[in-house]
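Consider the two complexes below, in which chain A is the common component and chain B and chain C are the respective partners.
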Partner chain A sequence: MNIEKGRCLGLVGESGCGKSTLGRMISGMERPDTGSVLLDGLDIYNKPSREIRALRREIQIVFQDSMASVDPRMNADAIISEPLINFYGLKGQCLDDRVSELLDMVCLPDGDKTKYPFQFSGGQLQRVCIARALASEPSFIVLDEPLSSLDVSVQAQILNLLSDVKKATDVSYLLISHDLEAVYYLSDSICVMYAGMVMESIEDIGDFYKLKHPYSLKLLSLRGKCGADSTDIENVSDSEDRIKGCPYYSRCPKHSEQCKNALPSLEKIEEGHYIRCYNY
Partner chain B sequence: MKTRFILKRMYRKKSVIFFTIILAIILFAVIAAPLIAPNDIYKTDLLNRFAPPSAQFPFGTDELGRCIFSRILFGGRASLTYALIATTVAAIIGTTIGMISGYKGGRVDGLIMRICDIMYSFPHLVITLVIVAILGSGIYNILIAMLVTQWLYYARMSRGMTMDIRNQNFVAAARSNGSSTAKIIFKHILPNIVPQMIALTTIDFGHTILTISGLSFLGLGVQPPSPEWGALINSARAFIYTDIQMILWPGLMILLVVLSVNVIGDNLRDALDMKMN
Partner chain C sequence: MEPVLEVKDLNISLKEGCNTYKAVENVSFSIGKGQTLGIIGESGSGKSLTCMAILGLLPADVWDYDAEIVLNGKSLPFRDNKAMRGYRGTDIALIMQNPMSAFNPVMTIKRHFEETLAAHKNWNKNQIKAAALEMLSQMRIKNPETVYNSYPFQCSGGMLQRIMIALAVIMEPSVLIADEPTTALDLTVQFEIIKLINQMRKKYNTSVVIVSHDLNVIAGIADEIAVMYSGFIVEQAPAEEVLNSPLHPYTAGLFRSRPSYSKERLSEISGQPLSLKQRNSMCMFSERCPLKGEGCSNFEMLAHKVSDDHFVRCCAKEMTKTSA
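Showing the complex of A and B:
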């Protein structure tokens, strides 16, 4: 999985497939058992602790539940100031100006500085979180389902905001979501994940319609249909099958003997399009 | 703003107002003891033993003709100061240890909690007696003993709350915003557990007054002729049938202070608990 500078990778998949875990690993909160996370070609988990702190400046995360991701006893000013003080040692007027600038960037009035988390709405608080993430001028932001706790009209505003920020600051995103439309809107490329594995990946979001892994198609067909066919979404295959063959085997309409016995590898089927399936 | 909100919630009940006033009066009188006390607390007058209350001796005199009222005022200084020191120090040390234990987890947590378990398994009085036996009697050794037995309650409670908070995303966010462990513990976790710890401290304060008085009653704490509420009760014990006022007044003081502090602490905890509303 690759994310280039100034681009956004959309990561989709059902609940519990490991999207958030991946996000947490990338942002340095959980050490991966195998594999590595490279930023500018350097392994972030293979560094002396002093450098890890500097690295934290580069990678920020925005969480799904904005209320839980801010200290309830701090006002917006203190929340946004924290990274500025820690990473840049700003104080006094400098700090104040920078906080105002960041609030302005996320379209919040300057007067909101003195407000506490419980005085904000979900969308406003998510903006505060985004401002905090931007404060350290990161090169990479993990957006861990930033829209799920918001209502639809606010989702659109936040999406626009994120897209504006991307243009303005040349930051890269990893957008974790199960909302395919949001991913389509914001992302430059897309990865479909199932049971901890990338099943399909497309480098150009323009080829969105080319998604053809049985699981991707399932996700696409379920879009907008609330609880349409619950039997399709339920029962993730039991672990025995998962160890040997394709994790999607038991739910796949196109499954064959081969899928059951060996895990397919991620194959390139055309330029910028990778898929983990024996059918292609 | 938040403080005002909590105080408002707390003082909705008349009983809380009543006990706050009582506690305030006692505290004021004890602090201003040198100005208020009508008589020298060490001056004996054997011709005026067991005198009934009068203008000069508001609570009467004891078996050596000393002014009970003055001795209670000065005794309160000892009782309340020592209780305050013991509770505060135990609260600070216990909370800090608990936060480190809860935040670090793993081996550090295991070690600290096993120490707590061991301490829990001895009756406090036994630990106190052992410490007094090693260090000798006297109020400072009693304070050390109180500290040794009290910190674990704060450690246990703050550890539990820290573990809840540690797993919340705002702590993860603080870490990715470059805050050090110490900064996370003292800037993010501490402010979020301080209200509950204050409530625990106020309730424990009453308990500590009783313990110090109890140990002084046993002759282990404040030594005569220095006045202390528990020590006053101890010396009055011999005259309980002949002269009730000697034991009545210091006993009443302990009762009032402990009751007030408990009522205030209880209501403070309720006021701080957002779920109660």
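Showing the complex of A and C:
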């Protein structure tokens, strides 16, 4: 996959499908076995660790669980100052002003500087995390489920905030989420993952309704209506049977013999639309 | 219809030194048999406090609370921890938000069932096992026997949530409180859990209080919706009415702020809810309200009845009603 400057790729899939691992690899936290991650054409893993450290300024990440991603003994001021001190060596009044500016950007009052993580609500703390990510003026931000711990009214604020920041700073995003509506709102292209593989990808979000993979369709059908009355509840077991073929085989409504025996490859079916399925 | 659970004038305040701060005010609701009440609200609005108060689980040295809670015609002794033990699990069961932390990590699923059932029923281990396995397979767990003997960390979040529902409904409680049952779960799993809760409700005719901030979850399951904001129920009505014609500006704003497959800028509710210490005698929502008028600054959050089963706490609505 590739993400252009100032654009956002939405990555959708359920937990355990490898979305977050991919996000961590892209942000330089988890070394891939094979393959490479290029930032501005440079391989971020094929470098001495000192240079990788400098790259951290360019790639930032916002995690799902804001409470777990901050030091509980640091106040908001210290949390946001840390990248400013590390990367820019700011101090004194300069540092103070920049922190205020960042807090203002994420719509938090200046007085929140002295607050500690436990004094914030989940939504407020997530803003602090976003402010921290923005502090180093990165060119790329990995957003790992940034909305799922937030309230609906706050989600809208954060989505608008992220969209404003993208327009203002030309930063690129990888938005990892299971909320398709949010992904549609913020992203320019979309990728559907299942069991560690890209199942379908669309380069132009305008073609969203062309999503065809049975798994994408399942995700689409879930949003918006909950259907509590239907009785077709999926069975779960503690161990999935591993098969050679398509990993979605056992849950797929359209599965055939072919799917069981061989893994379909990611085929291009039209310009900017790739799919991994025999029977779409 | 005779209500199963009735909460009257629930007030909860936080004690801090010699000050008290009101966290939940005048919350009253009742649920009929087999009915589902959905409570929506943002974090800090008092949803979970309300649930915990019903179960008598708020520590008395931190929270000061007062209410009349009536279960099946009898008043609940929520101040008396010992007496409440007889109700928890048997009459009122709780499904918690995070299935990963709700289980004891060093106890097998089997021990969890044994602990719960031994506390309330005089069953031997074989009876418990039979009942548990039956319940687990009702939860659509393919291999209940293996799961029964496994530890919580060996199960996925969705599976643990199913086990938690099994543990909650195995005593056939008359009220099931589900506090954000799907928040920690995947989208695909979320709806399975909602379906299961709904199925159990129908089967045992249980009344369900479901708390969530996810509108989709509430919309799918609730018969009646209560919208909470800053400790007040600001709007309460049958689900259809709230979803189709929300009256309170907060409710309406909440529905508008959901992205719905469009690139148009989301209309957000600006600002933040007041913190506990900022609350005063004005309308709690007035700072963020698009309909803010003069009456808002000394509005005492009185309930305004729109119809028999629909009320709103908003003075703007009151004004339009009286002028109309």
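Operating definition for what follows: the second predicted complex is superposed on the first by the 259 of 280 C-alpha atoms of A that agree within 3 Å, B and C clash if a C-alpha of one lies under 4 Å from a C-alpha of the other, contacts with A are read in each partner's own complex, and residues count from 1 in each chain.
Going forward, a residue touches a chain if its C-beta (ideal position, glycine included) is under 8 Å from a C-beta of that chain, and two chains touch if they have at least 3 such contacts.
Bear in mind that the values here come from a model prediction, so they are computed numbers and not experimental data.
K.L.:
Of the two partner chains, chain B (first) and chain C (second), which one does A:222 touch, if any: first, second, both, or neither?
P.N.:
Touch status of A:222: second partner only.
K.L.:
Once the two complexes are aligned on chain A, which partner has more residues of chain A within touching range, chain B or chain C?
P.N.:
Looking at chain A, the partner in contact with more of its residues is C.
K.L.:
Is A:123 touching anything from chain B or chain C once the two structures are fitted on A? First, second, both or neither.
P.N.:
second
K.L.:
Let me test your reading of the model: by the given contact rule, A:10 touches which partner, first (chain B), second (chain C), both or neither?
P.N.:
A:10 contacts neither chain B nor chain C.
K.L.:
Is A:152 contacted by the first partner chain B, the second partner chain C, both or neither?
P.N.:
A:152 sits against chain C, while chain B stays out of touch.
K.L.:
Taking the superposition on A as described, I'd like to know which of chain B and chain C A:178 touches: first, second, both or neither.
P.N.:
In the superposition, A:178 contacts chain C only.
K.L.:
According to the stated criteria, A:23 is in contact with first (chain B), second (chain C), both, or neither; which is it?
P.N.:
neither
K.L.:
State whether A:247 touches chain B only (first), chain C only (second), both chains, or neither.
P.N.:
neither
K.L.:
For chain A, give the residues common to its interface with chain B and its interface with chain C.
P.N.:
Dual-contact residues (chain A): none.
K.L.:
List the residues on chain B that touch chain A in their complex, please.
P.N.:
Contact set of chain B toward chain A: 2, 168-170, 172-179, 183, 188, 191-192.
K.L.:
Using the touch definition from the top, list the residues of chain C that touch chain A in their complex.
P.N.:
Residues 42-44, 140-143, 146-147, 150, 154-159, 162, 183, 186-192, 194-199, 213-217, 219-221, 253-254, 257-263, 265-270, 272 of chain C touch chain A in their complex.
K.L.:
Quick one: in the complex, what on chain A touches chain B?
P.N.:
24, 27-29, 53, 56-57, 59-61, 63, 65, 68-73, 82-83, 86-87, 129, 132, 135-136
K.L.:
Taking the touch rule as given, give the residues of chain A at its contact with chain C in the complex, in rising order.
P.N.:
The touching residues are 14-16, 121-124, 148, 151-157, 159-160, 163, 178-182, 184-185, 205, 208, 218-219, 222-231, 233-238.
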